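Please find the structures below.
What follows is a pair of complexes built around subunit A, which joins subunit B in one and subunit C in the other.
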Partner chain A sequence: MTDFIKDPVILMPERHPEPVFSTEELVFTAEETRQIATWVSQYPTADGAIMKVLWMAQEKFGFLPPEVIRLSAGALGMPYARAFGVATFYTQYFKSKKGRYVLDVCTCFSCQICGGYDMLHYLEEKLGAHAGETTDDGLFTIQEVECLGACGSAPMLQITNGPYVMNLTEEKIDALIDALKRDQLPFFSSVTLPQDEDDLGGNRRTDVRDTLTYSAPPVAKTLG
Partner chain B sequence: MEEKNGATSKAGDWRSYERVLLPPVRDLHRLEVYEQNGGYEALREVLTSDKWDPTSVTNEVRNSGLRGRGGAGFLTGLKWTFMPPVDPNIPRFLCGNGDESEPGTFKDRQLMEFNPHLIFEGMLIASYAMSITTSYLYVRGEFADWISLMEVELAKAYEKGYVGKNVLGTDFSTDLVIHKGAGAYICGEESSLMISLEGERPYPRAKPPFPAQRGLWNYPTTINNVETLACVPLIINRGGEWFADLGSHRHPGPVLYGISGHVNRPGVYEYPTGMLITDLIYDVAKGMRGSKKLKAVVPGGSSTPILRADQIDGVTMDAETLRDAGSMMGTAGMLIMDEDTDIVSWLRRVTRFYHHESCGQCTPCREGTGWIENIVTRIDEGAGNLRDLDLLIDLCFQMEGRTVCALADAAAWPVRFTIERFRDEFEARCRPSLVPSGGVLTPALGP
Partner chain C sequence: MPTVTIDNQEFEFEGNPILLQFCLDHDIELPHFCYHPAMSAPANCRQCLVEIGTPEIDRGTGEPRLDEDGNPVIRFFPKMMTGCSEDISDGMVVKTHRSSELVREAQKDNLEFLLINHPLDCPICDQAGNCPLQIQAYKYGPEGSRFEFRKVSKPKHIELGPRVVLDAERCINCTRCTRFTTEISESHQLTIIERSVWNYPMTPPGVDFDEPYSMNVIDICPVGALTSKDFRFKARVWEMSSTPSITIGNAKGSNCFYWVKDNLVQKVTPRTNMEVNEYWLPDEDRLDYDVFNENRPEGPTIAGQSASWDDAKTAAADLLKNVDANGIVFLGSAFACVEDNYLLGELASALGAAAPSYIQHIEPGAGDGWLITDDKTPNASGCERLGIRPLDATLLRSRIQGGDVKLLYVLQDDPVAAGICEAADLAGVSVILHHTNTTNETLVAANVALPAATVVETVGTFVNQDGHAQRVWPSKAIRGVNRTLSMEIGKSRADKHGTPFDRWFDEDHLVDCQPGWVVIPEIADLLDIELRFKGPRDIMLKVSSENEAFGGATYDAMAEPGVRLVDVGAEV
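What follows is the complex of A and B.
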């Protein structure tokens, strides 16, 4: 019987991997628990709220190691395995620790032909890290991502699932990196509709600080 | 009636077209401004006037000829009639699909930013028409800033009594919940979107049963794109006939064209359907960047077949004409490429997208998208054989229609049509094969 497994596929680890967060850290505050209860009331079953809870957990802990996913599942009374299946499906949930700022450079087809890879390579060179890697100082993670839905403002990137930085140039990247090193996140930029430019003389929103206009994209030097 | 395939626009006098989805009103995204400009009047009329009941609203949408703006172009009013008769014991759901992730598409984001209440109002009227008490607006997670904006505006709408219990003092109650995705292209597929909402790993499921029979939590559900839903208040306000007269007769209404790529003025433009592609490129988007020559157009997002420059003469942006021209309307997110574009490298990036986004549930898609990327990469790097082109075409046929959802089809079409329409460029990159394939796939003879 024992020779049933002649060649074990992998060596099993002796024990579970060391958790990143201690039991004391792994709690939701009273306010967070109330928030979860509100979300649960929005769906017929508690499971529907798992994506919102995972978002909140990621905001709180920075990323989603197994114990945080387990905590999120527990908050909704759903099986850990199911929550794990959800968390590992989506690219925006970080399963490993990232830099303080994650720079998601879009290289999908509109950005590709408008210089997305030029920007990615410039960023990689500037920060000394490849796409998928974190800089040694732990400040930046560079990622190459799929279409972020800002094709008319190519090339562009997104900072840690948050603000979009559009119409990228090398100078703009330099300024952005400097600002991020000082912990200054860019403001939200509203992109003016070309027809608004003609009809309203500019952006229709009066409540935004930064506006961008659509303009002819740069010429791409590399496509891959 | 326009001549078939004639060189005339079906959009009529589009230069004097007045925008309705994104009318030129400053700060229209704020509830106060939206109200001053006739906002929520359609909802009020539908709920309070004797003229309207759920059936007549659905009929009006049906008569308007509104077709879905999310890609498939299905008749919206007809979709609504698929909902089973109301049973007070069985909940019913509506989903607004704002998971815009089709490469080349960026119109929903601007609609959500500049006119979110039109989307809300459309969802509320649709909820009334189908007697729905909970609707979800599913927005892709990357649009975090726009979701925050909409949350603020939705809270205002709740406060003003447009959403929630006893809408506008009537006995109609409905809730609207914004759901934030987390970065998965597949969640734009309707069954995947529903399963994502339910809090499960969002593998699409086979249809039938369609969402109207078994949708969210197995209850009757309707899913519409947010731009589609935004058309609904316009149809109520101005009448289905007005809508049906706008643009192409068989695919009417206003459309947000998202033009990207090598043009002088990319952006989101609102015009009626049936615009000539050449008008959109040379007039609306102010021509090709650097006066280069046009090489190719992808009319509606990455999965719609690419059109060569010589294939777009007289082609208008509506489902029928584009189908005759060998492509699809898709999301009207148009990618314009100039003569310098390397189409092989471009296709390599497209295949990479689908390989990344395949959910991995069905073997033809999981394996097929990966192998397609491998082979196109090999060709792009100059190590491909001529026979690889036939191998790719054969792979595409092995994928199309053989999976649970349409992602495999969407991944195969660009490959099949790009090779078909730019075969010379692919062949120029390939080494000659020692053994002609003749449709028979034999193993390669080594490097």
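What follows is the complex of A and C.
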């Protein structure tokens, strides 16, 4: 993002890229097709289910090259161009191959003043890859993202469009990377705000495995 | 009748009009970019913001509340609304930029936003001079910009397809082009990709924008983002004159403008006619203008040798005089106008020869049921209505080979290229040919060749396959003087740009040709046949009064929209 502000150049995407997947690979299984039919029945028109189908395709193929978007559009009988517009609109749909874990570090306003960039730079140094890049072993992709809506627990990061890791510290990042290398994905943890804890007598959520109590956020190194 | 008040002026309305369209229809200019009457209104350019209020209704009585003066109390929406997405309702009060400072400021600010990343390359942009963004920024925009950072650079000169070039920087994301491919042509080849400042229209990977109507997006693009690959950098809009006319590539007779510079047709754009082509024009109709510019004849010839018009007409008359009427075959033409075909028919009957027939040019399967037809001629229906029948090619071929035909008179067609006969077969036949291009393969066999004016040089009437009679105006000048053409040129020049730079009377590129309605009466005169008319206007007066298949098709009645003729169906 920062590079873009300095040098705001948008490059031309490749018009006719070589397909990544073969035609034999590009199929939805019978079960997936049934699932799609269920989703379609939940919307007024079949087009409505495109986001769910793309999501499923991303989980199946890992990312969404054009031929997978075409497959998803075809499954709903909607124009490929329209599905492509949807897929490119959302950053959570990966249009290129990513590492096994995508670490989205928030550097938006709240996280930034609480050390979001400190965490990002620590992670970059630790993994030897810059934001937007994938480590050589193909395990991790680091991304710098805008607000993920967890400002109360800043700084934070998100793992592959999934669980949040909040109240980040360098030690927490070390532990997280070790766990991910062992393929242990952290669980979603619920955080309450202090006033709620006073009123409610602590975090009373029972539907999550981990609950965290509120802690005063840190201050970014450059500010402290 | 329900009423709406726009800028303190009351209008009556019927039905459920869209506010923006209603304003435009009543000569109230509301700036806008994304709205197009033929397509859905996404209201995403935000340029047509107006203040809208509706009468306050007392919930108890269901009647409008009245103020102390007895006028209904108007409650305005807290924010300005887009005129393109708002239906007019009874009692509505609208304030446009003409009466509201708020609206003026909104228009100004909105344009400042639209121009933030818009490049300032108007001097090299094809759209300049005819650009809604340029015009509206000038009329309603701010005097400068407060944006002091580097503008975003986006991909430029991308060939989206074989005919359309994209300059993504200039795009303001009005989505007219993507809505055209979604709602009108339904090719679904374009979409807006990416998000925020990254987005612009694009084909998805592996797809080319090659549909047969792709060039329409160039006309509806309100900026210079989509330009024609063919026309790019050829001429500025103020250097050309545009003349209302019709296209002749097929039997739909789509309405168009011919844009002329230096007496050469530079481009063809659609002209709105809701009865024929609405707002659109297929690509093939836009790109076949080379026939007007290239391979044009340089004056008449007698046996291949250049001759004066007088000599050529005399030679033609002599040929006609010295042949028995039974040996003369007249070929009318579905490429020529009704007037020329009518005169040819009159000439044939005065000579006692058989009535003319015309060569059909039908490509089965070429049509699409919309603006592209199987029939590749503009006036087959006009010929039919004159009683000119399709030619029996086999019969004519055998008659020519059997030596029955002594003289072949061809109006604007090419029997050799059409496969009726070989040029060698015509060795023993005298041929009089009105030809428009030197590529005409019958030309080598012509004893007298009389260059004919094409649709851009003549005045005439064409009838499309649906029976819509439309007249054309001369778009460019020919060599030599013709009073009718000069007058019609003057009338046709709805010069929107009002500058003296077009090279209308430049001596270059003037084609030495004459319309059929000049040449045929003069030949008839030499044969002592009475076939004098004051001009094509008089011919159509006579045709429309005598022939009920042309009832009402006078020049005054046709004007620019044309006249829908009665369906004579089985009679023709």
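Methods note: the second predicted complex is superposed on the first by the 198 of 224 C-alpha atoms of A that agree within 3 Å, B and C clash if a C-alpha of one lies under 4 Å from a C-alpha of the other, contacts with A are read in each partner's own complex, and residues count from 1 in each chain.
One rule holds in what follows: a contact is a pair of C-beta atoms (placed from the backbone, for glycine too) under 8 Å apart; a residue touches a chain by one contact, two chains touch by 3 or more.
Because the structure is a prediction, the values reported are computed rather than measured.
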item: Larger contact residue set on subunit A - subunit B or subunit C; value: B
item: Touching partner for A:R205 - first (subunit B), second (subunit C), both, neither; value: first
item: Subunit B versus subunit C as contact partner of A:F63, first or second or both or neither; value: neither
item: Touched partner set for A:P17, first subunit B, second subunit C, both or neither; value: second
item: Partner chain in contact with A:P79 - subunit B first, subunit C second, else both or neither; value: second
item: Contacts of A:Y122 with subunit B and subunit C, given as first, second, both or neither; value: neither
item: Contact residues of subunit A, present in both the subunit B and the subunit C interface; value: 82, 85, 89-91
item: Touching residues (chain side subunit C, partner subunit A) in the complex; value: 149-155, 158, 168, 178, 181-182, 188-195, 197-199, 202-207
item: In the complex with subunit B, residue positions of subunit A that touch it; value: 42-52, 54-55, 76, 78, 82, 85-86, 89-93, 107-110, 112-114, 146-154, 158, 161-164, 188, 190-191, 193-196, 199-200, 204-207, 214-217, 219, 223-224
item: Subunit A - residues contacting subunit C, complex; value: 5, 7-17, 66, 69-70, 79-82, 84-85, 88-91
item: List of subunit B residues in touch with subunit A within their complex; value: 19, 22, 24-30, 91, 100-106, 108-110, 113-114, 134, 140-145, 175, 177, 179-185, 196-202, 216-217, 258-270, 289-290, 298, 302, 333, 335, 337, 340-342, 345-346, 348-350, 353, 356-357, 359, 380
